[in-house]
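In structure tokens below, several structures.
The following pair of complexes shares a single chain, chain A, combined with chain B in the former and chain C in the latter.
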Partner chain A sequence: MAETETKEIPDKPSIVVCGDTFNIPANKDLTVGPGLVFRNNAITCTKPGVIKSNDKSVWIDRNNRRYVPVLEERVVGIIIGRVMDEYRIDIGGAHVAMMSSIAFEGATQRNKPELKPGNVVFARVIAANKDVEPELACVNKKGKANGLQVLEGGHIIQCSLGLCRKLRQHKSPLTQPLLNHFKSFELCVGMNGRIWVRSDTNKHTVAISIYLKQCEHLSVSDAVMSLRHTVKALG
Partner chain B sequence: MREVPLSLNSREFLSSVLKEGLRPDAREGYDYRDIKISFGPQWGHAEVLLGRTRVLARVSTAVATPAPSRPNEGALFFNVHLSPLSSSKFSGARSDFSTVVTRLLERTIKETRVIDTECLCIVAGEKVLNLRVDITLLDFAGNVIDASCIAAMTALSHFRRPDFIVNGDEITVFSDKDRDPIPLSVLHVPITCTIGFSGEKILVDPDDEEESVMDGYVSIATNTHHEICYIYLGGGVTLTPALVSKCCEISSLKTQEISAQITKSLDEDSALRRKAGTDRPSAISSLTLQEKLDRLYVEDRTNKRENLAAEDGIENATFGSITIRYIDELDTVDEDGVAALSRPAPESVQSIPNTSQEEESFPGF
Partner chain C sequence: MLATLENSIRVRPISSELSILGNCDGSARVKQGNSSVLVGIWGPIEVKQSKEDPEKCVIETTVKAATGQGSPLDKMYEEALNQTCEQIVITSAHPRTCIQVIVQIESEDGAIVAVMKNALCLALMDAGIPMRSMFAGVSCVQQENGELLWDPTADEEEESTAKYTFVYENSKNNAIYVHCTGESTIEQYMLALQKSRQVAMEVFGFYRESFEKLLRKDVKFQMLLPPIIKGEIIDEPE
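Right after this comes the complex of A and B.
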């Protein structure tokens, strides 16, 4: 294999492909993030995308639709069945995830939620191995729910993983317009490309769903304009 | 990839949205989604985008022996392939639904005699030109039936069949280079309109979310002459005569709009081909290589082309007038049908001068 020249990690975000290598910076400790691998005394890209770095870490941003389970991520899962004491949950990955039926806050064998195929849960990934089925739980390490729960009502929409990451940013520019337009609504963004939306009226939920789907392809200002049109059209 | 299951939450939400009289994508009234029609480089290659449902239709011909019951008619075959790349629902194998769509297209297009198949007869009882329409679903987002019908009708109206000549026992089917292919004779244009039902509500052009919760559907094919060509009930609902009547009216209205859009896109494609000179492939074979290359990049070179025409360079000098000879004028045709093109046209034979400014109306509309 030909020797590739290693270069410094670029300051500005730039496009990289698999196989690009970078020198380890001498003066600081960097955390090597998704898409990059520390190998042979250099940092190698294993995924194509845009390489970004800040003081503490370097990572590759990319957008895709297929979810690969990662430990500690929050996902929106749909129950598809039950095997003895465990639920089989579809999270959009290669394997069907499993969740113990008592993995809820304050649940015991006698007192636990009875879920049916079609119910929706917001859970965290507690085991993610590429060879084994991922495992989920609706509690954190201390046994508290902390937002993880069975989701009632609302609507689920599919989107790309990149959009989900953008929505989960603190004070994301994508969710600000929703706060301006709607008095009350709930969004549950799973890292697996699924968003659960609930609002006080069906019209609001429809408008929010359409807005989120359009955020994939339109710029924020165009999506906001379209949101205004939709709200006006729905009345 | 596994299909995403429809959650109970979504199912309930969609049902209640439909009950309220709304549509999940905020469409109003009896609106169709946006329809975009595009063509490929070959004749008979049409791609239709209905909302996000994408269907590709290709028309091709083959010389074959006719069916004994119809000795002087060419046959028309349909084949619908619901590709697995369109949705995880489809495995690629022949399914009930693909049979439904194929049969629906056959009944709407073949049995209502949209194409004049007698024109496809080469030698009665022995050789005919068979047409085959291959429809592939590339993206599934609901309402495959309408998208397939629009694609099939557009492709058939766009298609040009090879010209042929029968000289005693010899049949010559010309390639595109030797003789310009001829459009099919499209007698009427039926377009299906699929209407879903959810309780009392009518959903015109249901998308995939609506299809997952609707009770049933009906597909009504009408043409621009307000004739009903075919009605197919998708099951799951019982319809009252008043409701069927209403759906027929909706279908008629939608057919007018969609037909107009098909005509417009066919005209635009014709104009584009005329500018590039690719509407007359037999003319191209006599051009030099540089001239052929010039014609490939029409958008950039429109100005250059007009300048050339002004100089009376390319257009008129290379090929004179193109003649179309009818079969009953066999005595004026040489054994080598190709050579006849270079001879000047005798007065008795109709000739079409090769000017790109001439307005041509599209047959069948």
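Right after this comes the complex of A and C.
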């Protein structure tokens, strides 16, 4: 039974499929990231995608739709219920996430926000073990909110995980056109494929939502053109 | 794909479409000749407590025939697909969850189990479910004159004396699933097993091409990947 040959991790991003194996590089310590496993003294791909590497790590980039909770990621969650002192939150993963009712900045048992099913929160994942439900919190390690909060009003759209990562990039080319077109709006992008949008008028919110959904499949220039059409059409 | 196989092996043209179902986490349609199968996958998703497994993820497969209501044959197909899934999918990565697989046979013209396996593999990869390797289904029949025929049509399957379905995986190129019916000698079986590996390797090459095309179409990756310089440029990045 012939073994498929192992090769070196490519320098430039290239396409790999499941089962492709790579040698462990001798000269540097690499962290093996999502989509790869360390097995039998070699690195094997478990997902198809684009393999990328830098000095410290190697990982596979792929645009998937289903979210798997990862520690310290920021997610947009929707409250679906309450069990004693904890909220049950839907973050789009396999399990329903839990969040303590006092996991907000400055909250105590007597003074805490009362959330109902349907409320939206922007929280960070504080526990993401594969065996148990993930846990969220609306505070960072030092007890400050730092942007994590309950999101009032607005509109949530669902998209793929890859689009969310692109939007969260610093000075992302996808969000620049929005700054040019709209005076004021708020965007909250969760790593779980959910984007929360709010702006002055409903028409603007709709236009932004359509634009973001189209960024999935159109190039930035085409999406901007369609944004102009949408804004004109909505008046 | 046909050029690199031995002269004695003829397979029908294979085509695939990936990510076609908008609601699914992963989907694929594979056509080999007139046999066509569509697979939709959701996962890892929530599972009922009665069905959940604390150590691994549960794979629920449903096969729907092209026409008519369900029959025990569909259950047999479900079992066959489940077996391969359990071996290949890294189920321990997502305990207490479920991966739901829905297989719709769109048209049947021979080699249907092999086509189902191929569509299943592509759909699992499209969904990003962690897999140890890829797998490819190959169907082979023994005709009355003793000759082996690959990727048979329904008529060729009817007239055959023995039918084989093999599934190979690509990390060590081993066979992981074998289903035989009919009468044949051990030598014929070994010959079929050995030559089917070649066909499986071709199918793996086809999977690779399918994903290359899919990833190059994704606008988010277009800037990254170098253009394909082959005889025929399929998609040029802008």
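A few points about this structure:
The rule is short, and it goes like this: the second predicted complex is superposed on the first by the 233 of 235 C-alpha atoms of A that agree within 3 Å, B and C clash if a C-alpha of one lies under 4 Å from a C-alpha of the other, contacts with A are read in each partner's own complex, and residues count from 1 in each chain.
We take it that a contact is a pair of C-beta atoms (placed from the backbone, for glycine too) under 8 Å apart; a residue touches a chain by one contact, two chains touch by 3 or more.
All values derive from a computational prediction rather than experimental measurement.
Aligning the two structures on chain A places chain B and chain C next to each other without any clash.
In the superposition on chain A, A:L218 contacts chain C only, with no contact to chain B.
In the superposition on chain A, A:R66 contacts both chain B and chain C.
Rounded to the nearest 10, the superposed model shows the Cα centres of chain B and chain C diverging by 50 degrees about the centre of chain A.
Of the two partner chains placed around the shared chain by superposition, chain C is the only one that A:K12 touches, whereas chain B remains out of contact. Residue contacts after overlaying the shared chain place A:S101 against neither chain B nor chain C. By the touch criterion defined above, A:K166 lies against chain C but remains apart from chain B after alignment on the C-alpha atoms of chain A. More residues of chain A lie in contact with C than with the other chain of the pair chain B and chain C. Of the two partner chains placed around the shared chain by superposition, neither chain B nor chain C is touched by A:N146.
Shared-chain residue A:L234: touches chain B; no touch with chain C. In the superposition on chain A, A:S57 makes contact with neither chain B nor chain C.
Once chain A of one complex is fitted onto chain A of the other, the partner contacts of A:S226 are absent, as it touches neither chain B nor chain C.
When the two structures are aligned on their common chain, the gap between the nearest CA atoms of chain B and chain C comes to 6 Å. Counting contacts by the rule stated earlier, residues 66 of chain A appear in both its interface with chain B and its interface with chain C.
Per the touch definition, chain A reaches chain C in the complex via residues 1-4, 12-15, 17-19, 21, 35, 37, 44, 46-50, 61-66, 68, 93-96, 130-131, 162-163, 166, 217-219.
Partner chain A is touched in their complex by these residues of chain C: 25-26, 42-46, 54, 90, 93-98, 125, 127-134, 169-174, 204, 207-208, 211-212, 215, 218-222, 224-226, 238.
Chain A contributes residues 66, 78, 80, 90, 92, 116-120, 151-156, 158, 196, 202-203, 205-207, 209-210, 230, 233-234 to its touches with chain B in the complex. Chain B contributes residues 1-2, 4-14, 16-17, 20, 22, 24-26, 28 to its touches with chain A in the complex.
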